[in-house]
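All chains are identified by letter, namely A, B, C, D, E and F, in their written order; residue positions are counted from 1 within each chain.
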Amino acid sequence: MRPSGRAIDALRPVFIQPGFARHAEGSALIRMGGTEVLCAATVETRVPSFLRGKGQGWVTAEYGMLPRATHSRGQREAAKGKQTGRTQEIQRLIARALRAVVDLKALGEISVTVDCDVLNADGGTRCAAITGAWVALRLALEKLVRAGTLPALPIKGQVAAISCGLTDDGPVLDLDYREDSAASADANFVLTADGGIVEIQGTAEKDPFTEAQFNTLMRLARTGTAELFRIQTAIVEEALKA
Amino acid sequence: MRPSGRAIDALRPVFIQPGFARHAEGSALIRMGGTEVLCAATVETRVPSFLRGKGQGWVTAEYGMLPRATHSRGQREAAKGKQTGRTQEIQRLIARALRAVVDLKALGEISVTVDCDVLNADGGTRCAAITGAWVALRLALEKLVRAGTLPALPIKGQVAAISCGLTDDGPVLDLDYREDSAASADANFVLTADGGIVEIQGTAEKDPFTEAQFNTLMRLARTGTAELFRIQTAIVEEALKA
Amino acid sequence: MRPSGRAIDALRPVFIQPGFARHAEGSALIRMGGTEVLCAATVETRVPSFLRGKGQGWVTAEYGMLPRATHSRGQREAAKGKQTGRTQEIQRLIARALRAVVDLKALGEISVTVDCDVLNADGGTRCAAITGAWVALRLALEKLVRAGTLPALPIKGQVAAISCGLTDDGPVLDLDYREDSAASADANFVLTADGGIVEIQGTAEKDPFTEAQFNTLMRLARTGTAELFRIQTAIVEEALKA
Amino acid sequence: MRPSGRAIDALRPVFIQPGFARHAEGSALIRMGGTEVLCAATVETRVPSFLRGKGQGWVTAEYGMLPRATHSRGQREAAKGKQTGRTQEIQRLIARALRAVVDLKALGEISVTVDCDVLNADGGTRCAAITGAWVALRLALEKLVRAGTLPALPIKGQVAAISCGLTDDGPVLDLDYREDSAASADANFVLTADGGIVEIQGTAEKDPFTEAQFNTLMRLARTGTAELFRIQTAIVEEALKA
Amino acid sequence: MRPSGRAIDALRPVFIQPGFARHAEGSALIRMGGTEVLCAATVETRVPSFLRGKGQGWVTAEYGMLPRATHSRGQREAAKGKQTGRTQEIQRLIARALRAVVDLKALGEISVTVDCDVLNADGGTRCAAITGAWVALRLALEKLVRAGTLPALPIKGQVAAISCGLTDDGPVLDLDYREDSAASADANFVLTADGGIVEIQGTAEKDPFTEAQFNTLMRLARTGTAELFRIQTAIVEEALKA
Amino acid sequence: MRPSGRAIDALRPVFIQPGFARHAEGSALIRMGGTEVLCAATVETRVPSFLRGKGQGWVTAEYGMLPRATHSRGQREAAKGKQTGRTQEIQRLIARALRAVVDLKALGEISVTVDCDVLNADGGTRCAAITGAWVALRLALEKLVRAGTLPALPIKGQVAAISCGLTDDGPVLDLDYREDSAASADANFVLTADGGIVEIQGTAEKDPFTEAQFNTLMRLARTGTAELFRIQTAIVEEALKA
């Protein structure tokens, strides 16, 4: 029995509220249990200098956590004057995940920045950020299509992410903070709706784990992301009807 | 007639949701029209080094704006590696406003940090932050009283803030972004419920203004803060009942 | 009786020495009692990027304090690697004060930066800086007129600033450091020679103050700036004759 | 046929020179083809503040690349004033890999920092760094045992790392720079000599990959690390005899 | 004939005004022609951590230049967020020069920081800073003796500095900015009143120079510093009488 | 008898290995006893902005020390976020030394950056860096000549550097770390093969020294650099034959 009472392969309750960031071209506030991330996509008609004149676009991401999103207050990165290694690692991960499902050539000389800011943290913030960021990005790109800026959606697939881990209860899906801090290993899976793997990050927090254990985690991740893809799709459809 | 259709002396709709930041000792999400600020109070049983051993507490504040809280995306301060002068000015203002109504001696060697993060911006973010921060602080201190850490609330008064400005429609209360960017002068008033002035900041954006104009703005501010004090009181009462 | 023996409404002795910074287009060393600020105006024929091609100029200011301008040595901001919030707040104030009396359209695509560096500090440095900066700016712009770069002085008015405060001796004009650190409230007034208000900053250091008290401070400020305007005028006339 | 002429499952030539950093408690210069990394372990009898008094040690790592280790010169991070996200990500990975095989309790209140500096880069620098860092760490800890500071080696296992990727030649082992920049996916495997997994990082650079492809990469990694474990063991034995 | 009309071995007019920084324990405003440096010595009863408990004192220096001390405005180091290499080089030089003539053991656990800030620059600022800093330091230490904190002056000698250079007029003493920027070589000599050499820095700006030329520069430096020692002595005597 | 057993005027064993940095246009790993510096020259067909359009080139240098090049580990400058004053002083010295022997006009709009990174430190790192940097620069420029980019070598001379110092054994050549930390004075001489002086830096570490002592140090430096010039020449000839 997990601390939260959830089954081994159960996600926390997931809610996605599109349009939370009123000025953004696309946005989504995603809640997974006690974790809450605001994802806001900004479209700009320019590209970073290393892409200028190459006829393709770019997708990038930034990640932040409000100082009191966590149990004890963390120092504000803006006040400290630099982003931690953890922050940079996560924002690079989110950006790679999104670029894996965007057709950058079809996007043209446009760049999209997705800001993912954690309002409340209870484990799995990077995965929630990826799942929410895809919705924000999808809505922003739709806007470009509706405005006639793009002839068609430059999106090749649907991406979502979930963490799994080895705990005292065995391998479990979607760790909350309590489980995460006690897990002997955890892994983040970034998967696509058509079965592809975009990114795998597995880490032994205590002792090394086995390939069999790792394969179990991957099966759990497939279960979890299947549910996330359904939710993303429903939310996007609803938002586009409005 | 103001762009928003509001009367000269009308506030925008104000909502305050207590408890939004789940881990914070006290918190409030304040919405004033299109402006939305998350205020989270953190209590720590230590004081800054300049106060150590003096038997008194401290209250401070930090302010931030999510990159896409605004019409066009602003650079993330954490990525830039420093806070702008505007950010520092605002967080110093919020902190002074709160300290003016706290009895620091009665607080004892405890410090409270109130983080005010703007999720959506449509003018008046520093004033909304002060009004919301007081609620977050009030709830956090109540918690200390209920836990028996403090014998009584170390609060001397109730503080709220509102901006007024000189626009083409004359002097008006509670400027939104559109009004603010066209105003010839604006002023922020930080007032207490018992009629005291905590801070006045009046600035001519174009031409200097007169003392008579300034006095009109102050009268509008008194009207606006009277309403804010009523809302703060209602929210705190309700939150404490829960 | 004030600690300095001054009357309630008496300024400290004021001296302004134009031309102290030999290379600057205009400069003034202003002394108000024990406070001494070197103001140096630099003219450059370019504007910040956000104004390029808009056919108007810009006026900005920077503020600094020598490490040992104060009773105990402060850390050098250049060594620390960043300017304090206080420094940034003051330099933004000086810049706004100057821009309020310059016709930026008439200035054309020219920018003026006024550096205000405190050599000795005894209270009121930001006000002395504004009063001295106007002289430096005035002399620098005159130079542009004499050189034929500008057809006429792009100056709309004369600006000076003074602090007032509530002390144990009641409301007083032009606080020195001793008075300032004990005052229950202080306010800085940036006024123009024709009676306009450019900026008001009033702050309760201890308890909130009343509107009546605030009005008394404003009357004192009018007395003080009247004297400052006379001194500025005399110095500028003399300097231009030389 | 791979560009280098290597077989699909062939490592580049590997050389490890122990003792290169003369002052370090343990060091190894590792060369894998054109990639060359200097690993130097420093032992200090103190621990980071979050571990003080907990009776356990710590192992951490730092990573750097000489500006001209690469084809075109990169800006020096010390001159830029900050480490890139990539640098931070890599040094966190190296540190986790080492900690996974050290018994921190047995280490006691001692910390080891392993500096991994890339002198020449031709792909796979993070993996070479991990493989070399283990040798440096092993030698440094041996020194503590010989000096009587520790009763026994606080090492639980042997760790090495290798990259694999999907290229036009199919799945291959130990990518060099040319292969790495053209690969559609790559993965870094950090494995232990007794078959455990310490870390897996798989990333789709272009299109998502399949689970079958991923499993092939893992098999290649096992082949490669088996060879690396043999080399590490031989070098350590030889170095300890000297 | 030199541009300034000075003889080959003539200093510029030198004035030293003690006590300019009113709060400093010792201070001197030194003017050498168009170069003007404010030197302020701060005494603190603590030493840097590397000297704690060693029963000796420390003398250090910081150097800065006001943005408009020069012909064209330089960026403010505090705004840029770092000190230039030139600034750091100069402040290290000043500190070494002062420490060479202070008996740090006799000083005890006291540290003196001498801030040297250039108000106007016309060449030779580092040499003027050293010459003025010695006066500021001397006066500050005298104060400690008079207060009974120290039994005797912990000063072993008198130090001054001067630049010499090879110009189109041959080897000359005390270069001003015009000469300095055209010189083919220049050298800074930090000498003591009893004939010792504390520091020599000779640099070929264009072509290498010869040993004979270098010896001529050293002879000029001896002439110049002899005059500076006389001036320092007279100023200190006068200041101590007051 | 010196601690190392060397004669008063004996260099430590010197080895120079050209081509160590495989990607650099020219490189040299120089070893002088226990000091080891990797010098890598990068050629870029652009110049710094202050030289644009002036038809001349530029030569600059950067210096770094691996954290564990020294007896005890130093903090990594990239992690600290800034280069120390010492680092900046040294890299400016190296750059000046190289520019003194390059014909910048003949170089054309090309810039060369020489990175000097200390792998192992045992005194004299800045001098070894200069001596090695000249070899790296020479090889890089030769490459430009062979590629036809330049018609002839834009080199006016050969430069090398050596430290000398006053120790308990009297004046000695080429101080190692042990001697350096105990010397009462040391001096770095940057000389050219045809007898010119490029830079002299003499510093009294304890008491001031005399002109006679200084002249002895210079004679030692001539002896030492004569040997270094022979080694540089031999290495370059050999490398160019290969």
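Points to keep in mind about this one:
In this section, a residue touches a chain if its C-beta (ideal position, glycine included) is under 8 Å from a C-beta of that chain, and two chains touch if they have at least 3 such contacts.
Chains and their UniProt names: A, B, C, D, E, F = Ribonuclease PH.
All of these numbers come straight from a predicted model, not from anything done at the bench.
Path length between chain A (Ribonuclease PH) and chain C (Ribonuclease PH) in the touching-chain graph (shortest route): 2.
Common neighbours of chain C (Ribonuclease PH) and chain F (Ribonuclease PH) under the contact definition above: E. Most remote chain with respect to chain B (Ribonuclease PH), judged by CA-atom centres, is F.
Repeated interface, listed pairs A-B, E-F or A-D, reference C-E: A-B, with more than half of the contact pairs matching by residue number. Two copies of one sequence, chain C (Ribonuclease PH) and chain E (Ribonuclease PH), touch each other mainly through matching residues, since over half of the numbers at the interface are common to both. In terms of the distance between Cα centroids, chain E (Ribonuclease PH) is separated most widely from A. Computed centre separation for the pair chain B (Ribonuclease PH)/chain C (Ribonuclease PH) is 29 angstrom, with centres defined by C-alpha atoms. Separating the CA-averaged centres of chain C (Ribonuclease PH) and chain D (Ribonuclease PH) is a span of 59 Å. Counting partner chains per residue, chain E (Ribonuclease PH) has residues 81-83 touching two or more of them. Around the ring, the chains sit in the order E, F, D, A, B, C, counting from chain E (Ribonuclease PH) and moving first to chain F (Ribonuclease PH).
Interface of chain C (Ribonuclease PH) with chain E (Ribonuclease PH) (complex): residues 20-24, 27, 34, 38, 40, 42, 44, 62, 64, 66-73, 76-83, 87, 113, 115, 117, 119-122. Chain C (Ribonuclease PH) meets chain B (Ribonuclease PH) in the complex at residues 82, 84-86, 88-89, 91-92, 96, 100, 157, 187, 191-192, 194-204, 207-211, 214, 218.
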